[in-house]
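Here it is: the structure, laid out below.
As written, the chains take the letters A, B, C and D, and residue 1 is the first residue of each chain.
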Amino acid sequence: MAADAVRGTMMERIGIEWLDIGLERVVARIPVEGNTQVYGQLHGGATAALCESVGSIGTAVATGLEKIVVGIQLSVNHLRAVTDGYITATGVPLRVGRTVAVWDFRVHDDEARLIASGTLTVAIRER
Amino acid sequence: MAADAVRGTMMERIGIEWLDIGLERVVARIPVEGNTQVYGQLHGGATAALCESVGSIGTAVATGLEKIVVGIQLSVNHLRAVTDGYITATGVPLRVGRTVAVWDFRVHDDEARLIASGTLTVAIRER
Amino acid sequence: MAADAVRGTMMERIGIEWLDIGLERVVARIPVEGNTQVYGQLHGGATAALCESVGSIGTAVATGLEKIVVGIQLSVNHLRAVTDGYITATGVPLRVGRTVAVWDFRVHDDEARLIASGTLTVAIRER
Amino acid sequence: MAADAVRGTMMERIGIEWLDIGLERVVARIPVEGNTQVYGQLHGGATAALCESVGSIGTAVATGLEKIVVGIQLSVNHLRAVTDGYITATGVPLRVGRTVAVWDFRVHDDEARLIASGTLTVAIRER
């Protein structure tokens, strides 16, 4: 992803690194540091923002630039606390239709433990 | 909220301002600027992080310092795009039990238009 | 709702009674009896089916017969056990757009206690 | 599952057949017929009730009879319409903790097409 496209965005703010962007899966990670709550553990909102980013970019890649993609519903289950290292979200499209896409997320820590799961529903509109 | 408690956290990062922290409701806002996606509109993950923060702090206030509160499930519906100003989340507890609390959120823009709704399920544990 | 339209449907099966069907809200109820789990308490799936019915019918009324409405995402929080009487869901549209509608539900027991909340995202398509 | 335990329940009503009940997965199916909406397609509430049943029974099996299990949050994404045959839900526990379990569901039709996904959060309490 071009650095200037993400400048000043939420994605820059949470420190997203894109590891794989493809039609069959999108993988990205963020550091726990700086994305914590007051206890020093990972803030659930950071996990949510990571998943929303992965599903949005994934749908945009699948549909092409002539469409606008808009996340309309996000559900996240937080399964395990994380205190350091990175969390990595792997997004897989469950469905990419003409007007709606649905993405499934599994989020792991650096020891490959499942720390969250999620689903994003995305609306696909004409530009 | 003491400034040093939020230093280096996700809440500082998205620029949360606390407008009301009480047992019956918690209200907080964030600026759209800096919390955008690549189109320049508000990033849904910022809305999610705002809601998660409001419900977590609200439950912590209700249960007291001897408990640990952990968001376990977040659902957000994004209803309307926002491009500038602030978004303000009002959280109301639907239930605060001994081990589980559930918060409902309504998020508005500066023209009082509803731009998102959400629900956070929080686990309450002994320290 | 005409009796023959619901014959042999899920809505007949759970015993839905329609109390109010309007553009601003839709209200319906089901008996707890027959909609229980093995403990004798209300089955959460009955609450879910009630909410999905209310939001689908509400969107169909709002959009008219020339459209097809399809529930695409349902989130329900179960807040309180119920063992007898009826549960009544009140659905309010948070947004009815051209291609997507979002409904909010509050479900109460006969003593007006809040027993569940929920949200349904509905896709609106051309027939 | 003993026939008399499910008599008069929601699970009997939607016609659940249990195909596999184990610690690592629980599989059950329902017929589309009788679980439809007014268009003659599968009612999303039936999918929701099937998932809620699978996750509840799965947690009860994992925790044993001395605990009470209560579904507290259900999220379902409906991905594809179904008009006949059966739908089969496969539930897998993402986490079974001391007080909370989380189940992931994939629901397929008779042609093995993914027609829905879902997640159930279950509270585990002392009897």
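In this text, a residue touches a chain if its C-beta (ideal position, glycine included) is under 8 Å from a C-beta of that chain, and two chains touch if they have at least 3 such contacts.
These numbers were taken from a predicted model, which means no experiment stands behind them.
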{"item": "Interface composition of copies chain A and chain B: same or different, split at half", "value": "same"}
{"item": "Higher-contact pair (C-beta pairs counted), C-D versus B-D", "value": "C-D"}
{"item": "Most widely separated chain from chain D, with each centre as the mean of CA atoms", "value": "B"}
{"item": "Between chain C and chain B, distance of the C-alpha-averaged centres to the nearest whole Å", "value": "27"}
{"item": "Chain centre separation in whole Å, for chain D relative to chain C (CA means)", "value": "19"}
{"item": "For chain B paired with chain D, centre-to-centre distance based on mean C-alpha positions, whole Å", "value": "31"}
{"item": "Chain C: positions in contact with at least two other chains", "value": "72-73, 75, 77, 102, 121"}
{"item": "Touch list for chain D against partner chain A, complex", "value": "75, 77, 79-80, 94-95, 102, 104, 114, 117, 119, 121"}
{"item": "Chain D residues within the chain C interface of the complex", "value": "5-6, 8-11, 13-14, 33-39, 43-46, 48-53, 56, 68, 70-78, 81"}
{"item": "Chain B residues touching chain D - in the complex, by the definition given at the top", "value": "72-73, 75, 99-100, 102, 121, 123, 125"}
